[in-house]
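What follows is a set of notes on a single structure, which appears directly below.
Read from first to last, the chains carry the letters A, B, C and D; within each, the first residue is number 1.
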C-alpha cells in the first residue's frame, strides 16, 4: 500500500474545485480517498458552520464521483475540519489517499489508518465512555494502518462532536446531564477525553491516569501526537492515525515533536531537521515544496504567563483565546516552514505539554 | 547626555506601580523622563480607551512626583500608547530618560529626541498639513537629539490623533470635511501621512513623493524607521526619535531592519545579529536580558496573500485585521528574541515595505 | 394564482429537515416554490458562509425532490439569506410558493414575482449598471406578479453579490477597479445601488436622482419597500417582489411602513394596525399566529445620534455596526409582534428614511 | 433630607466635563454626592477598563473640588460603572446627591443609602461570605436611607469585584481556590451571590434558600430589585439602595417591575404607568424629560429559547451573550421610554425571574 497526501487551497467552503479538478484530471482516484483534514474560514468555536459546509461540499463531490450516497461517503471517510485561519494562516484541505503500490516496500513509509467510535451523546463527552471508545478506535486505526509500534505513530487526529445549547438541554431533560451546560466548555472536555484516549491507546498515558477525573485536571498526562477538535457537524469521534510502517511504500515520511510552550521554536526546528531539512531559520521556497502538510496544536497557557510574562488571552471578552493562540503559534510555525497552509488547532488539553502543544509534519523524503 | 530605557509590566492601565516604585526607590528621576511608549490591553482601534487611561495614570503619577500639573506633564512628555496585546504579547510600558553623564562620550550611543506638531483637526488628518508638520517635528527632534545624519536614526515613533464619529461630523458641519467619514479609515490615513512626513524628514522619501496624493496609494514610498499610530487621547502628532549620536554616552545601542513581509524572520535574525547577538533560532533567556525594548510595525498585506497563499484577514468582520497581524508578527518576533513585552503595532502604511513593516531594537552593548 | 408563505426554524444551516418534512408530507409542492428568504447564524458580513451553506442545503433538497439539478434550482428560485440573528432573533427560513387556485379572486391578495439581473462583476457594484439592471428586474418581477401599481408593492427584497478581497484585486488587475477596494464597504455600495434601482422602478425616486452619484450621498432618495443585502454566494441581483394584486387569491395580505429612526415603535404599531390587529403594546400569542413573516431594515444612524443622544455603534472595532442595530431594532419589533423569527437586516442605505429603515409584514386576513 | 439625581452624557471615560461644569456652576455641591452610577464604552466583561478609567476620572475631579484625596473619595462614594452600550444605548453617568431640605417631608420621596462590604478576595466570590456580607451592607444602606420597609425599596445596585486570571491563580497558590478558574464565569458567580444577599436582606428570598449552593442553581430564588455587576476596578461590594421614605422630601419617586422574559414589554409599560405616565406605546419627548434614570437587568435565557423559539446568544463565540441581550432589551426599553441613556446590565442571575430581569425607574412626580 502507498499513502499520498495532497493539499488544496479553499477559496470558500462551498468551493471544492481543487479536488474536483484533481479527480477529473485523474490525479486523484475518489475511491482511494481515506480522509480529508482541513482548516476553514470560521471562528473554530461552537457557532462555526464552515466545517459542516465544507463537509457537505466534499461529501457531495465525492458522492458524485464514486456513486456512493453522501451519507455513505461520510461514514467511510473522516472529514475533519477545524475552523480558524487567524493571522497569516490560509484556508485549505488536505486529502489523504491509499493506493496499491506495485513496487515492494523498502524500509518504512507513511501509513494511514482511520477509525470511528459509535455515536456519542452530550452526556458522553468528557467522560469515561469517550476516553475508552477513543482508545479502542485508535487501536483499530493502527491495526488498519499496520503500524506495529506506538513509537511509529506521529499524529492522531480526533474530531469529535460538539453540541449546541439545545442538545445539552435535551440531554438534561432526559436525565442525562452533560459534565457542563456551557457549550464552549463542553468542547474542551471532549478534546481532553479524546486526548486521554489517544494517550492510553499509545501507552503515553498509563491506564490508571487516562481516566475521567484526569480530564482538565492532571495535565501531566498527555499525548505528544494527539490533536483533538470538535464540531457540531459530527456525532462520533472520527479518527485518523498517521505513522510509519514497513508494510507501506512511497516517498512520504512523518515526524512530530512536543512543543513545551507557545514560543518553543526549537521544537519546530527539531522537527524539520528530523526530516533532513537543513535550515538556518526558515526553509527556502524550494525546500518548503517538499513539505506536504503540517499539523500544530497549541493553547493559551492556563497560568496566564508565557516565559514568565503575563498574556491577556484568558481575560479577553472580545476574541476567544483559541483565536489568539492559533494566530500566534501558527505564525511562528509558518515563519520557519515558509508555508501558511497549516492545520493549526487551539485547545491542546492533554495534547502535548501543559501550556504548549505539538507539531507533526509530513514531507517527501529528502 | 545619557539615555536610559526601562520597561515595566502593566497589570492594568490604572496600575503604574512599577514606575512608582522605581521613582520612589530613586531608580528613576521623574524629571528625567523624556517619553513613555507602551502597549495596553485594548483593541488598538478607535474605541480603545486603555491608551487614554494609561496616559491619565502616568501623567498623574509624574505630576505628583515632579510638582508639574498633569497637563504640563502631557505637554512635555510624549505618552505614546498602542492598544492590542494579541496572542503572546504582554502589556507593558517603556520609560525613556535623559540624564547627565559625567563620563565623556566614547563613540556613538543611544540618543533620544522628542517633538510635537501643533494640534491637528480631523480635516488635517491624511493631508499635506499633517505630512509637513510631522516632517518639521521630526527634524526638531533630531536636532534635539544631536543626531547628525538620517542614517543614524533607527526609530521614529509618531502618535497622532484619532477622531470618533462625533468629531468628524462636527468638522463636516463647519465646512471642513475630513478625507473620510469613517473613523477607522481616518486612522489609517493619519498613519500614512505621518509616515510620509517621517520619510520626507529623513530623506527616505523624495519631497515630491511625500505628498498628500501618495497617501495610501504610492506604497513604494516608505520609511524603514517610522512607526505611526493614532488614538483619541491625543490632539497633536507626538514624536520620539531614537538613534545613535557621538554626543551621547552610555551602554545602549539601537538597530532596525525593514521587514519585507509578515514571514520575514530573516530580517529579525539580521537585526539581532547587528546587535552582536549570536543566535541559532532564539535568544537564550540570558541573552534576552540584554534587550531593552523592541518595536515592530506590521500589516495584513493588501493583496490578500502571504507568500502567494491567501490570508483571510481583510475579509474578517469579527476580528479587525490589525489584531490578526499583531498576533502573528508579534509572535514571530517574540519567538526569536525570547521576549513577549514588545511594542507591536498594526497598520504599517508607508512604514516599511508594502505588506511588510519594520523592526527596531534597543539593547545593551554586547 | 395563490401565494402561500411558510416559515421553518433553522437549527443549523445544514439542517433543512423542516422543509423536507413539509415536502414529504405533501404540505409543500417543491415545484411550487418561488423563493426562499431566511436569516442564518453567521455575522451577516463578508465572511459569513452560513448563507451559502443554507443555499447549498436547500438547492440540494429541492433538486432531490424535483429532479432538477441544484444549479437549475438556483437559477429558478431566489434563495436569499441574510446572516445575523443577534439578540433575541431566531434563525429561520420562509418559503414562498405559488399555486393554482380554483376559486376566483375576490379582491386583492398577496402576489409574488421574482427576477434576476445578469451576473454582476465587482466593478459593477454601486454603479449605474447595478442601478439600472435592478430597476429593470424589479419591473419584470412586478409584471410576473401582475401587480399593476407601484402602490401595491409592499416589499422588494434584493440579494446581490458581495466580493471578497481576491475578487476585488482580480478586477483591479484587469483594469476594472471597483468603487472601493474594501470588501465590507463594497457591500454597502451594492445595497445602495440596488435600493436606488428599486426606488426608480417604483417611482419612489425620480430617475434623475436614482443615479450613481446619489449612492451613499443623497440619502433623501429612498425606497420605503426595498430591502437589499449582499453575499459572496450569489453573482446576480436576485429579486423578490411582494405586493397585492386582484389577479391573485388566498387569505394573505401585506403591508409596510417606513421607520423614521431606530426607536420608531409607532411605525411598527401602525403596520400591525393596518393588518387589522388590535394591540395594546404587544400582539397576544394567538394574534401572533396570524403573522406569517416580518421583514425589517435598519441602520446605525450616520450622524452618531439616536433621538439626540450619541450611540457608540460607528466607533466600535469589536462588533460591526450592523450587528448592533439588528439586535436593537429586531428586539423592538419582536417585542411588539411577539415573534422572534424575523428577517432583520442591517445596512439600510436608501432603504427607508436616513437613519431609519422599513418594516413589511405578511399576515392572514384578520 | 432630599435626594437629587442628575444624568450627564459621557463622550469618553476621560471626559467628565459634564459634572465639572455642574459643580463649577454651583448646580452640584461636590460634598453632596452620594453615589455615581454609569454606563461606559467598554465590553462590560473582564477586560473592560473603561469602568476603572471613569472611576479614576471622577474620583480625581471630586477630589479636586472637595479637597479629599482620590482614595478617600472612592471610599466614601460608590462609583458603580457597567460597560457596554450596545445598539442604541448611550454612554452616560448619573450622579446621586443628598442635600438638606428646609421644607418638611410631605408623604414619601426618593431616599438613597449606600453601603460597602469589607474587601473580598477571589475565593470569597460566589460564596457564603459574599452573600452574607452583602445582606448586611444592604441592611446598613436601608438604615442610612431611613427606609423602613423592604416593600419601599425599588432598586439595589451592587458592584462587586471581578478578578483577572492572575488574581485567581494567586489565590489558588495560597491554597484558597475560587469556585472557578475562569475569570468570566467567576463574575457570574459573584453577581449570583450578591443578588442572593440582596434578596435575603429584603426578605424576597428565605434565609435557607439564600445560600451558597443556591447560586446559579436555584433560579426560583430571586430579588426583583437587585442589579449586580462586577469589575476589576473594585475590591469590595459597593451598594446603593434606592427607595421611598417619608423621612425624605423632594419631587422624585421610584418604581420597579420584574421582567418575565426579554420580550416583557408589558412590564415596562406597567412601570411607566405606575409613575403616572399615560402612554400609547412610547413616551413623548416631553414626557421623557420627566424621567431621571432607568435601570434594567436582563439575561440570555439559559434554556436557549425566547417565547419558544431558539436564540443563538449562548452558542456565540464572537459576541458575548451579555452584549447581545443588552442590545436587545436595552432597545426595547428605550423604545418605550424614549430615552437611550439607560443603565442596562447583562447577567441577571437571581435578579428578577429566570430568563428575564427587572426594570427600575426614577422620575419627577407627574
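One rule holds in what follows: a residue touches a chain if its C-beta (ideal position, glycine included) is under 8 Å from a C-beta of that chain, and two chains touch if they have at least 3 such contacts.
Owing to the predicted nature of the structure, the values given are computational and were not obtained by experimental measurement.
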item	value
Where chain A and chain B overlap in contact partners, by chain label	C, D
Most widely separated chain from chain C, with each centre as the mean of CA atoms	B
Intercentroid distance (Cα basis), chain D paired with chain B, Å	39
Whole-Å gap separating chain A and chain D, where each centre is the average of the chain's CA atoms	46
Multi-chain contact sites of chain C, meaning residues that touch two or more partners	11, 41, 43, 47, 164, 166, 310, 312, 315, 318
Chain A - residues contacting chain C, complex	11-14, 41-42, 47, 49-50, 52-53, 56-57, 60, 164, 166, 232-233, 318
Parts of chain D lying in touch with chain A, wherever the complex brings them together	43-48, 164-166, 169, 181, 183-184, 302-304, 310, 312, 314-318, 320
Touching residues on chain D, where the partner in the complex is chain C	9, 11, 41, 43, 85-92, 262-263, 265-266, 269, 281-282, 285, 306-307, 309-313, 315, 318-319, 323-325, 327-332, 334-336, 338-341
